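Next up, some structures in structure tokens.
First chain A sits with chain B, and in the next complex the same chain sits with chain C.
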Partner chain A sequence: MASTTTWRRSLEAVALPMGAVLAALVIFGVFCALAGANPLAVYGSIYRAAFGSWSAWQNTLIRASPLMLTALCTALPARLGLVIIGNEGALVVGGLAAVSVGLGLGGSLPGSLVLLAMALGSLVAGGLWIMAAGALRHYRGVNETISSLLLNYIAIALLSHLVQGPMRDPAFVSKPSSFEIDASAWLGTLPTTRVHWGLIYGLVASVLAYILIQRTTFGFAARTAGGNVRAARIAGLPVGKLTLAVCFLAGSCAGLAGMVEVAAVQRRLNESIVSNYGYAGILVAFVARHNPLATVLVSVLLGGILAAGGILQRSHDLPDATVLVFQGIVFLCVLYSESLYGRFAFFQEREAQVEAAVASV
Partner chain B sequence: MAAGALGWWGVPLGILAGTLRGSVPFLLVSLGECLTEKSGKINLGLEGTLLFGAMSAYAISYLSSGIVGPTLAPWLGVLAAGVAGMVLGAIHGWLSQQPRVNDVAVGIAMIIFGGGLANFFGKPFIQPQAPQLPTIPIGGWSSLDPVQSALQISPLFLLGVAIVPLMSWFFKSTRWGLYVRAVGDSPDAALAMGISIFWVRMASIVGGSFLAGIGGASLSLFYPGVWTERISSGQGLMAVALVIFARWQPWQCLWASLLFGGAQALGPAFQSVGIDSYYYLFNAAPYILTLVIMIITCSPQRTLAGAPGALGKDS
Partner chain C sequence: MSDRNRSFRLSRRQVMRGLLATSAFGLTAKFGTGCAQSPSSGGGAAADGAAAEELVVGFIYVGPKDDFGYNQAHAEGAAAMVADVPGIRLVEEASVPETTAVAETMRSMIEIDGAKVLFPTSFGYFDPHILALAEEFPDVQFFHAGGLYQEGVHPKNVGSYFGYIDEAQYVAGVVAAHMSPAGKLGFVAAKPIPQVLRNVNSFTLGARSVNPAATTQVIFTGEWAEPVKEAEATNSMADQGIEVITCHVDSPKVVMETAERRGVMTSGYHADQSPLAPEGYLTGAEWDWSSIYTELGQEFVAGKTLMAGDIPHVLRGGLADNFCKLSPYGPAVSDEAKAGGDAAVAAIESGELVIYQGPLKTNTGDEVLSTDQALKTDNIELEKMDYFVEGVIGSVS
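Here is the complex of A and B:
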């Protein structure tokens, strides 16, 4: 696929999403102006809070790490033609599994082994959670978008039940929470930074996902089935197994994001883990056009915007939902840009233009 | 609430009362989605519409109560919610009909956008108390206070129930209903009839979003009767799933909505008689019910009976 595309096509694939994000920035500026804030000052604040200094960069990267992982939960099944939006739920059950494993093993094992077990637990839990949506799709024809979204709410209800009841730490009063995981099993930071190891998890998962989808026969089979299920069946591809496997991998990425949040940021389980990283991950996947390497870039961008949420409230008196409005505008603009592919003559090949001209005559 | 005097009778009473209260948004949103899907497009964004409608209704009811008085203000709120829904519907209707744009993806974007707008503009209205819609008591036959206070129905519920036969008649017996069905079942045939697919779908999506916006008004102005950022909690999406269960028929939407409203009342009803250890799990009942119903009714082999032919296909 990549080898046959030429530079004009590649440029189109980069320029259109970039243009969409720019258009979204302009619309967002108008929105801010209508809400009584100076758009240029808002842009400046976002830039400074997101990328203006090394400290800002670190804040951005801390938020980008879970986004990279949750974005894969939408991006991988999308290559198979499935629209999965159960990212938040998979993140929650991943965090739940990680905390259960971490509390269960406690200080009995060396910290690194506990961390490994927590990661494995979150991978399996998140994977099975989304695999359920994939299985329902394949065996029962249940719409995977709706089922995965319902699973989000079920996961959150399960979380509320466990932290209010069976797992609750009675000594922690500010908010119903589980017990704290042992300090030896906290996920550390990268040397000389405040950024935790989750960033490396996200980068590695993204690269692995890219290789899996673009450079292996498994990925080729998945993309074939995504392009035309009937043709894939005739070619003898095991569509069911592919669906289950891809959904498992997708869910396990989001589950790992839950483990990262728990082990590196929250340290105990409570409803703060439901902090929209899942929904933002959907946006990242769509903006990146479901390319696992592009999701890294988009995650950093969106991580920066999330990091700027607080400053918008403090210096411009805009509510914290401003970031959500901006995300919505970006999402709508990027979707609109999908309809613009092939509309601009500049991005078309010479032969293609001639052929099109001939065809139109 | 009703537990004291009634004991275990509080459970069925709580569920009945909860059904009357909780089914209103399901009913209005599912009717709206029914109209939209009949024209061949899916609008997942009704979740965002519901939230934005709830906020608009509450805000307008609060702001206008000083000008037009507390009786009229909530009705202005209902109208504002419908108009707010129509605005979001117009965006969805236009964008989802662009070439190569997936209506499911637009729906997800509209959930984020609508929810964002609602929280953005709704922030100042979390604290103040807006005038609520009046309720119609139907518990007057009983001398027990808990029964009387539990059995209240909203005029919006009656509105929804009134729309059911109207919409059924609209699809079956009117020229416009035929247009909508033609566009949804066979766009080519509709085109041959000289119908504008774009405008019929636009009208269906905007009309459906109007109803969903009013559904939002019932959340903030009737039950639970407050405005909070998580007030819709997926009800808009459940209503979308409910339309599949209802086989795209308005009458079935009514029964399904009552069922979902009842499922939603399970947690509070059991809590009222002292069983609260599984409160949060009971709250997941509507989601699990939706999932179970979809598992039972869907099948990979055939398309569902009653499904509009062009639904979920790229135009």
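Here is the complex of A and C:
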């Protein structure tokens, strides 16, 4: 049935989220009017600040790129039926590994090799971190949502300990931080832009994840296990190995986001890398219905919303939490719209109407 | 009919998903730290009718503008600048994290709002974000609170300013010791960095100038904003019989309110917290950014710049230069304590009192200063402080 997707169903997949965003804009407009701002002017400002010019687009993309990677940390295990929310922790250990590798190698190798080693280090560290949650789930039956959430706190505490103690650069006074990685191993920006290479990492990882999940036997096995784990076992699928592998891949995506944050933005390890990218990634994954390609679009949408946060304060005198209200309304509307799939006759294939309505619930 | 009903019901899976996602949003919102409305003096109205000569000044805060703490102190200073200096338009953004977000905010302020002067106030904005933007926009002036500017190393359009607020902490210590019969004081501190240690030490030295047996119990929370641990620390101090509690965290709100509820006296930090603890609030070490910002604002309007060398790159000062001040004395403060506090202020302002005066020992018994040594307020050695003085109960690591 999945392969017989036709234009009506595709239209539904586009129209429902778009409708949800429009509904969210209307609700947010009412909110702005109550707060004393002109909704139409606010819409105009949001558009200008997020997508209105090339500079605004760059702002949006800069904010979106870490989200693309962290979202995969939730989206991939979700296809296996696991709800992993350890994105922030995996990002932190990824950054930690990247800095350790980067400082360890120093300037001894050419910058690109150091970067590669940092990326590998972060992939492995983030991967093992989330794999631990997967292993606890599979072998000991520990709820993976809770364990991955708790692993976040452990990771952040570890980070604080290391940057305030063993790894601290005493000469850097603005905040407890590690030493700076060698300038040759800084991750630069894309030519003629100020967007760093993390965007490309995010796009490539999302496409790879999509291919892996939708177009390979591995992905099919994972989706099968996600659909019904008993059936998958009976069919002889190695559910344990699948769990570990998918969790590893998921964690490594978030870990890579940590490496980008370190190599492209902070250039040293400190608590500024704990800035909510992981938690925002969970939202992105849920709104994107765990489709790795849709996470790219949702990340850009969220990036745009975040980019518009400043203008709401500066030009409309709205409080700084306004952007969070907007974000919340958009995501609640999109999540609600999920319950509407298959409820509109217009989007149903004429002969498959009944079947689709049942399947979508 | 039944089919119709069905379409209004959510499946259990959908409910679970919704719950998870909303709780994730809750977390997000919490970590975003923002939930503040405060009257802003910038504004849409000014945007349309802005005269060409109007100078746009941007202020960026790491948290909400009404946090009863660090950010509020700066926001009040900014408001004073626009109120007192004609020809300045203020643009503000609050709750901006120390990531690419602050770089993008600075860029928008420059490119969209036309800001010529920026005050990104959080300590952690400096390296790498301010430095990178300053290189890119050499005709925009960047002022940073923290005194990190290094001649020759950093771009010419960067300046830094900071106050020796530990002078005010010393006076607060004097007042606290007068009010504490047992001499048991408490200090809730965020992180063991030199600035924090210096505040703890100055507070303790002030207290011990009145009561040589006074002690300051220190508890580190580990983070700048850790409300739960701050409350726990305050409660445990109250349980130990500590009589006056002060703090150095981003927002002293929780410490003040908790101490007030427990009937413990308090001494504030950053901004005036007397509304939070009307009974037990003694005084507090406050930033006084209004005078500095107003002064700088007048220089901007007069066309002076850092780049031309008209404005010094490093501005620092203490009580005498209006960089900091003390909260008005609370109702609990005795006349004797007020007299002691006023005398300490006068002695510091006249330069006759040096806080770090030998003989001085650390609380582990090592000698810091011998009898004839002294470190004046502006001595750079004090900014590398890594010890607690005698009388502090606690360890720096």
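Keep in mind that, in the parts below, the second predicted complex is superposed on the first by the 347 of 361 C-alpha atoms of A that agree within 3 Å, B and C clash if a C-alpha of one lies under 4 Å from a C-alpha of the other, contacts with A are read in each partner's own complex, and residues count from 1 in each chain.
Methods note: a contact is a pair of C-beta atoms (placed from the backbone, for glycine too) under 8 Å apart; a residue touches a chain by one contact, two chains touch by 3 or more.
This one's a predicted model, so the numbers in the text were calculated from it and none came from an experiment.
Superposition note: with chain A as the common reference, chain B and chain C are in steric clash.
In the superposition on chain A, contact is made by A:H138 with chain B only, not with chain C. In the superposition on chain A, contact of A:I146 is made with chain B only, not with chain C. Of the two partner chains, chain C is the only one that A:A49 touches; chain B does not reach it.
Shared-chain residue A:R233: touches no atom of chain B or chain C.
In the superposition on chain A, contact of A:K241 is made with neither chain B nor chain C. In the superposition on chain A, contact of A:F286 is made with both chain B and chain C.
After overlaying the two complexes on the shared chain, residue contacts for A:Y341 are found with chain B alone; chain C is out of touch. Contacts of A:I329 after superposition: chain B is touched, whereas chain C is not reached. Contacts of A:R215 after superposition on the shared chain: neither chain B nor chain C is touched. Of the stretches 97-105, 187-195 or 241-249 listed for chain B, only 97-105 runs into chain C once the two complexes are overlaid on chain A.
Under the contact criterion defined above, the residues of chain A that touch both chain B in one complex and chain C in the other are 83, 85, 145, 160, 164-165, 279, 282-283, 286, 319-321, 323-324, 327-328, 331-332, 335-336, 338-339. Every residue of chain C that touches chain A in the complex is listed here, in rising order: 7, 10-11, 14, 17-18, 20-22, 24-25, 27-29, 31-32, 34-38, 40, 42-44, 47, 64-65, 91-101, 104-105, 107-109, 111-113, 123-124, 126-128, 146, 148, 191-194, 222-223, 383, 397. Interface residues of chain A, counted against chain B in their complex, comprise 35, 83, 85, 136, 138-143, 145-147, 149-154, 157-158, 160-161, 164-165, 279, 282-283, 286, 318-329, 331-332, 335-336, 338-339, 341. By the touch criterion given at the top, residues 41, 49, 55, 59, 62-63, 83, 85, 145, 160, 164-165, 172-176, 261, 265-267, 270, 272-273, 275-276, 279-280, 282-283, 286-287, 306-307, 310-311, 313-317, 319-321, 323-324, 327-328, 331-332, 335-336, 338-339, 343, 361 of chain A touch chain C in their complex.
Residue ranges on chain B touching chain A, taken from their complex, read 44, 91, 95, 98-102, 104-106, 108-110, 112-120, 123, 229, 233-234, 237-238, 240-241, 244, 277-281, 283-284, 287-288, 290-291, 294-295, 298-301.
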